[in-house]
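Note that the chains take the letters A, B, C, D, E and F in the order they are written out, and that residue 1 is the start of every chain.
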Amino acid sequence: MKLIIAIIQPEELPAMKEELLKKKIYKFTVSNALGQGREIPVHEVYRGIAHEITLLKKVRLEIAVNDEYVESAIEAITVVARKDGDRGRGKIFILPIEECIRIRTNEKGSTAIG
Amino acid sequence: MKLIIAIIQPEELPAMKEELLKKKIYKFTVSNALGQGREIPVHEVYRGIAHEITLLKKVRLEIAVNDEYVESAIEAITVVARKDGDRGRGKIFILPIEECIRIRTNEKGSTAIG
Amino acid sequence: MKLIIAIIQPEELPAMKEELLKKKIYKFTVSNALGQGREIPVHEVYRGIAHEITLLKKVRLEIAVNDEYVESAIEAITVVARKDGDRGRGKIFILPIEECIRIRTNEKGSTAIG
Amino acid sequence: MKNKIFWFIFFCLGSLLMAQDSLAIDINAYAIDNFFLFISAVLVLFMQAGFAMLEAGLNSSKNTVNILFKNIMDLSVGAILYYIVGYGLMYPGGGNGWIAFAGFGVSNTGATPGAGVLHPQVDWLFQVAFAATAATIVSGAVAGRLKFGAYLIYSVIITGLIYPVSGYWKWGGGWLDQLGFYDFAGSLVVHAVGGFAGLAGAIVLGPRIGRFRKNGNSKPMPGSNLALSALGVFILWVGWYGFNPGSQLAIVGADNTNAVMLIAVNTTLSAAAGAVAAMLLAWGLFKKPDLTMALNGALAGLVGITANCDSVTNVEAIIIGIVAGFLVIGGIMLLDKLKIDDPVGAWPVHGLCGLWGGIATGIFGGYNLGIQILGSLAISAWAFLTMFLLFSILKSLNLLRVSEEEEIIGLDISEHQEEAYAGFQIFTVE
Amino acid sequence: MKNKIFWFIFFCLGSLLMAQDSLAIDINAYAIDNFFLFISAVLVLFMQAGFAMLEAGLNSSKNTVNILFKNIMDLSVGAILYYIVGYGLMYPGGGNGWIAFAGFGVSNTGATPGAGVLHPQVDWLFQVAFAATAATIVSGAVAGRLKFGAYLIYSVIITGLIYPVSGYWKWGGGWLDQLGFYDFAGSLVVHAVGGFAGLAGAIVLGPRIGRFRKNGNSKPMPGSNLALSALGVFILWVGWYGFNPGSQLAIVGADNTNAVMLIAVNTTLSAAAGAVAAMLLAWGLFKKPDLTMALNGALAGLVGITANCDSVTNVEAIIIGIVAGFLVIGGIMLLDKLKIDDPVGAWPVHGLCGLWGGIATGIFGGYNLGIQILGSLAISAWAFLTMFLLFSILKSLNLLRVSEEEEIIGLDISEHQEEAYAGFQIFTVE
Amino acid sequence: MKNKIFWFIFFCLGSLLMAQDSLAIDINAYAIDNFFLFISAVLVLFMQAGFAMLEAGLNSSKNTVNILFKNIMDLSVGAILYYIVGYGLMYPGGGNGWIAFAGFGVSNTGATPGAGVLHPQVDWLFQVAFAATAATIVSGAVAGRLKFGAYLIYSVIITGLIYPVSGYWKWGGGWLDQLGFYDFAGSLVVHAVGGFAGLAGAIVLGPRIGRFRKNGNSKPMPGSNLALSALGVFILWVGWYGFNPGSQLAIVGADNTNAVMLIAVNTTLSAAAGAVAAMLLAWGLFKKPDLTMALNGALAGLVGITANCDSVTNVEAIIIGIVAGFLVIGGIMLLDKLKIDDPVGAWPVHGLCGLWGGIATGIFGGYNLGIQILGSLAISAWAFLTMFLLFSILKSLNLLRVSEEEEIIGLDISEHQEEAYAGFQIFTVE
């Protein structure tokens, strides 16, 4: 079992969601985050003072899947993400999960994940 | 050392908190998240247009514990969670932690966790 | 590759950010969280009713790095954090990452992380 | 002889001109007084915005749509009902002193213009603004758990029946008026009615889930937008310049003009004193200056001065405000002790300080204290008992309170399927 | 003889005194009427705050700065333009009935004081408040995708040319006025102009990205701050007491006084009825009481009564409000069917119910129905067609709509590099 | 003989009637003028809500409770203090021209009714609203770091002493008035006093932590709720129709009526011009249209026209507004250069443009430019120096500024243990 953590652009979430559902990955958790990357910073001017916002709005997607789904999940995310621009389209990290429990049933392991 | 990530229903947090404290688990981190699961979606109507909200409000609980506390933590969470309804009561994921550092003291390892 | 998760005091983020950049760690993700620790709780009074807020505002920092950067990252965080007070300066957890993908290029592994 | 005729014609013309002048003067006076009451009514109607903001800000963000909706509907439903029956019940022009009815609707025929003559339409406008004020006070007290449908039923009953009846007792010339009871602008007739109706609602409904812990401690449920609450209080303060000065009902005539100005100043001083007193007392008690208490203190001062603003001196107004500022904090603490959950302090502000206003009229205003106490209690009891009955009936019909699950999710989603702050990340736990 | 002289002098003095009295009466009347119009203008100007809050609340938080900015600028740009040319175009005092121009600026010379005599400066103030209202209606319809520069150009054109011209047709004594068309306070002249201009904008711009799904379904884009929207509606309601009663233009004279009071009550009743009707219909249709629909319903009632508030009875006002409350929901659903994206319902409220107001004046107000329909359509068509042209020209010059990327990021960052709610965590997805 | 007696009686009756008429006319005029001033006072008091919203919106969400609290308390404390001593100091009726005192409290005895005769109570109401305006301007300049207790002390001093004394110099008939200095509605007496007091506070306090970086760059601290700020500006704009027109102090009499109307239009045009000018200049300088600058520009126009709104033409009002709109941006940039941290631009808006208003009165209004400059500087210096002293004393007593830790956590938690937006997820970093 793996935990896929993807940091993505907020506007790409809806499309990724559809893509994931198509690939029969029905469950995931979303939270918002700010990302420091090497993207072009957003330039703001507030009351005459210019400042650069380097912490940009991102969405953090967490998908726990059984090993055989890892590839589809990665694909669903990467296929949607725009590839233009030269920076800031985000990252996917894959971490091992040792155990998974469905709270409602106390089911454990790979059947609990989906 | 394990990192327990639990996605729970927001309204169950206070009770789980009490339960964790009872089990001498005093430290954890909470953030809010939206969950896509297979729960019954929330139905909203905005200005005459119906839409379903499938990303539902969840709370994300992170508890880092030494191995011997894993069971108590799981128990504290599952014992509180309502079991009625057939969906949407959340998941627990357990990940390995390789190292833990208490920032204040630079203490490391299993003594730093609590 | 490691995922460094640090729970820190919100006001220390700007300084840590600078320190990380100095150490050539340019990328990380930030989200806000509430922490239950053993800090002195914040005392609030609302309309005559005293209550203690034990869930305190924290910032959650996620930094994925190649193994050789782990030490610098920890240093950048710990060097900035105030050491006075006897509680509540936060924790760092280090988790293994099995794979990392740069979404934009589909690059994988340790070159994708930075 | 020609001479005499000449003089006579001359005279008649003169008299005619003079008569015309007198008429023109009356017409001017008529315009001024009706304009004055119209603007006062507009200011009082603006208070609806104040209540909506105050209450929306003092409640959880998950109930914001609901509370806003209740505020806009008690005005709308109230205006229709008060048009159809309320006004006729409140101003029947005679009757047995207890209940009477003049008929449906409102006349559109102006009387002979003159100073102090009010067109029936503007009179209704001013009165409906008061009725809507009484009605909307309750929405705060029952926030977070009352079914929306129940609130609509309540709005119909209070503006169509309960408020007009006790209003008749005093302002319509009923038994309290005949007794010599005095309530200039409605500390009792308006505010105590709303405040005690709210208290009845809060009691019958019971507290919000989690408000009082099993161990007997109470848990605060902080307001989600104190900026809106402060705005609400500023708006209410401003609107009160229609409420109190407008209740003089005329500004033409030196006595009226002078009275209006005194009333405006007394209103200001009492509000200010209430805010300062409440802040200081709260600071002493809770070791911190508490914004929501100071806001409630200003409102307490305004409610307290409402019954007697024309009858007391400036200094007495300050004293009345100070006492009101103290009382409101006492009232909030008392409710907390009694485990009655009134999220915005509707009873301490409008009920308790409404009573205080009535009694202060006996102490400072030169009216009979006994009768003031009697009248104050009578009106408060009327509102409390009838509304207790209404809410109890609704409860027994299971129309009163949302389910536990709906309450926890929040009324915005469960009752209206709509969020107030879409997109904003909000933690509704703790 | 001495005797006679004595009497004569006596008399002359008396006459003099009487003449002075008459003058003083006129001076009082002059003060009252100008004061009345001044306060009415202030209330109408306050409506700008109402529109700003309503629209800011009904749109996404990522476009809040933009919408606030548009609201402050259409007032500011509008005031300058209406000063320079708009007023002269709208009130040329004569002309061919279609277009004429009195000259730049506004006179500062008061006429002989008297009842009903208005100082040209206050007349301008009242008129500019109306022009700014017409202009600001559009900002909601084009929210979330229009370039800021395009909005400034639009503001110049509407307050400097389009609004004054059709305003002249009716209120300036032009051809519609000569035909006998009636629009008391501007259901058509103001609201329909704004509403139909907004419709043109919404059509030429096309919907916001994601508003209509490929599968033909429409996707709601919930407002980010309904507390502000409700506040906006309360403010608009209050401001309307300047809009409608003020349009009587005088309060001195029993007829004027009486009319103002009737107008105020009709305005109240129609708003209330609109809110109730819209709530009930939405409840029936969508199985829930919908706040934003009720808010739109109140505004619909206000717009519907604007043309005829002086000519109908209270009960008719309630009926007009109910119909308006129904219409606004129908209008919102119609736009949705037609895949026209009007985020705040500017056309259903101001365009459709503006038309309804004009027609209702024929049905209830005693005016010729045919001419009412003709005039209503003429003004609406004028606004729609000229603005369709303007927006189309801007589109062809690529000055109209922001890029897809800018729209997704939100106009606040892309156009103004400024966020409305700095620090707040906001999810702008879904 | 009988004849003569008959005529005599006839005459006497006539004269009596005429006398009655004259009296009735005077009584009407009295009602109108006092009503006018009363409504103006209400509009000015409403500005308190505007300031509260403007400042709450332009500051960090962690200081919102604090800033709201300061706004409600400077009004409340100010009203009490101005009642007790302030009014007596400002209008001693005579005195040595520098400082004098008429006694405590305010009379409640109306003079003989007549046009232009003001009841002392309404006069106080109008004056206290001005005093509260001067006081509240400072709260924005010192936001985010001043101790709450220090602000209360400041409020006592400014409304009880500093503002009344310089007010006496001009409006109370003191030395500046005798010199021929002119400040119609208080560009100096009110706004510059507040603006320069705020500047003194900002300097003595020093900037907020993190506002100016070590490398010399300045770091913006964006406002947390620009919707409230825009609302605040709309409210202030509306309130200014009480501030400037009300300062005519009478509306009866053709001259007064005409003046009020001209003043209202000049106020409008200057505000609009200020907003447009500030937007355009900011757009040019910073390559983007900046909302908060445009908002400040509107206020700048309003402040600039305040001293001279009765003495200039419409076109001159536009010019004054444009200059003010430019100045306010210059002022904001200047403070930034000088590393003075004035979070809401209190000094650029009220101090600098207040000065400009005084000088513009010399340039356009026909008053002696030298004396205008002298008077403007005198009042500004008075406020600056006395407040510099006060804040310095508070600083030396360690009563002035919260600790670093408290400032970082935010004053809401550290001073009031209360959050403004409970439940909302807010990032206060960066």
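List of remarks:
The criterion applied here is as follows: contacts are C-beta pairs under 8 Å (C-beta built on N, C-alpha and C of every residue); 3 or more make two chains touch, one makes a residue touch a chain.
The structure displayed is predicted, hence computed values, not measured ones.
Shared contact partners of subunit C and subunit D, listed by label, are B, F. Touch-path distance (fewest steps) from subunit B to subunit F is 2. Different-residue interface: subunit D and subunit E share under half of the residue numbers found at their contact.
A count of C-beta contacts for the chain pairs A-E and B-C puts B-C on top.
Centre-to-centre, using mean CA coordinates, subunit A is 52 Å away from subunit F.
Remark: subunit B and subunit D have CA centroids separated by 47 Å (rounded to whole angstrom). The set of subunit A residues that touch two or more partner chains comprises 31-32, 34, 44-46, 55, 95-96. Looking at subunit D, residues 7, 14, 18, 21, 25, 28, 32, 35, 39, 222-223, 225, 231, 288, 290, 292, 417-419, 421, 424-428, 430 sit in touch with two or more other chains.
Chains touching one another form the pairs A-B, A-C, A-E, A-F, B-C, B-D, B-E, C-D, C-F, D-E, D-F, E-F. Interface residues of subunit B facing subunit A in the complex, by the touch rule stated above, are 2, 5-8, 31-38, 55, 58, 60, 74, 77-78, 81, 83, 85-96. Residues 7, 10, 14, 17-18, 21, 24-25, 27-28, 30-32, 34-35, 38-39, 41-42, 45-46, 48-49, 52-53, 56-57, 64-65, 68-69, 71-73, 75-80, 83, 105-106, 108, 110, 113, 119, 121-122, 124-125, 128, 148, 225, 228, 231, 415-425 of subunit F touch subunit D in their complex. Per the touch definition, subunit E reaches subunit B in the complex via residues 218-223, 282, 285-288, 290, 292-293, 329, 332-333, 336, 345, 427, 430. Within the complex, the subunit B residues that touch subunit D are 10-11, 13-14, 32, 42-46, 57, 59.
Across the complex, subunit E meets subunit A through its residues 210, 408-409, 413, 417-419, 425-430.
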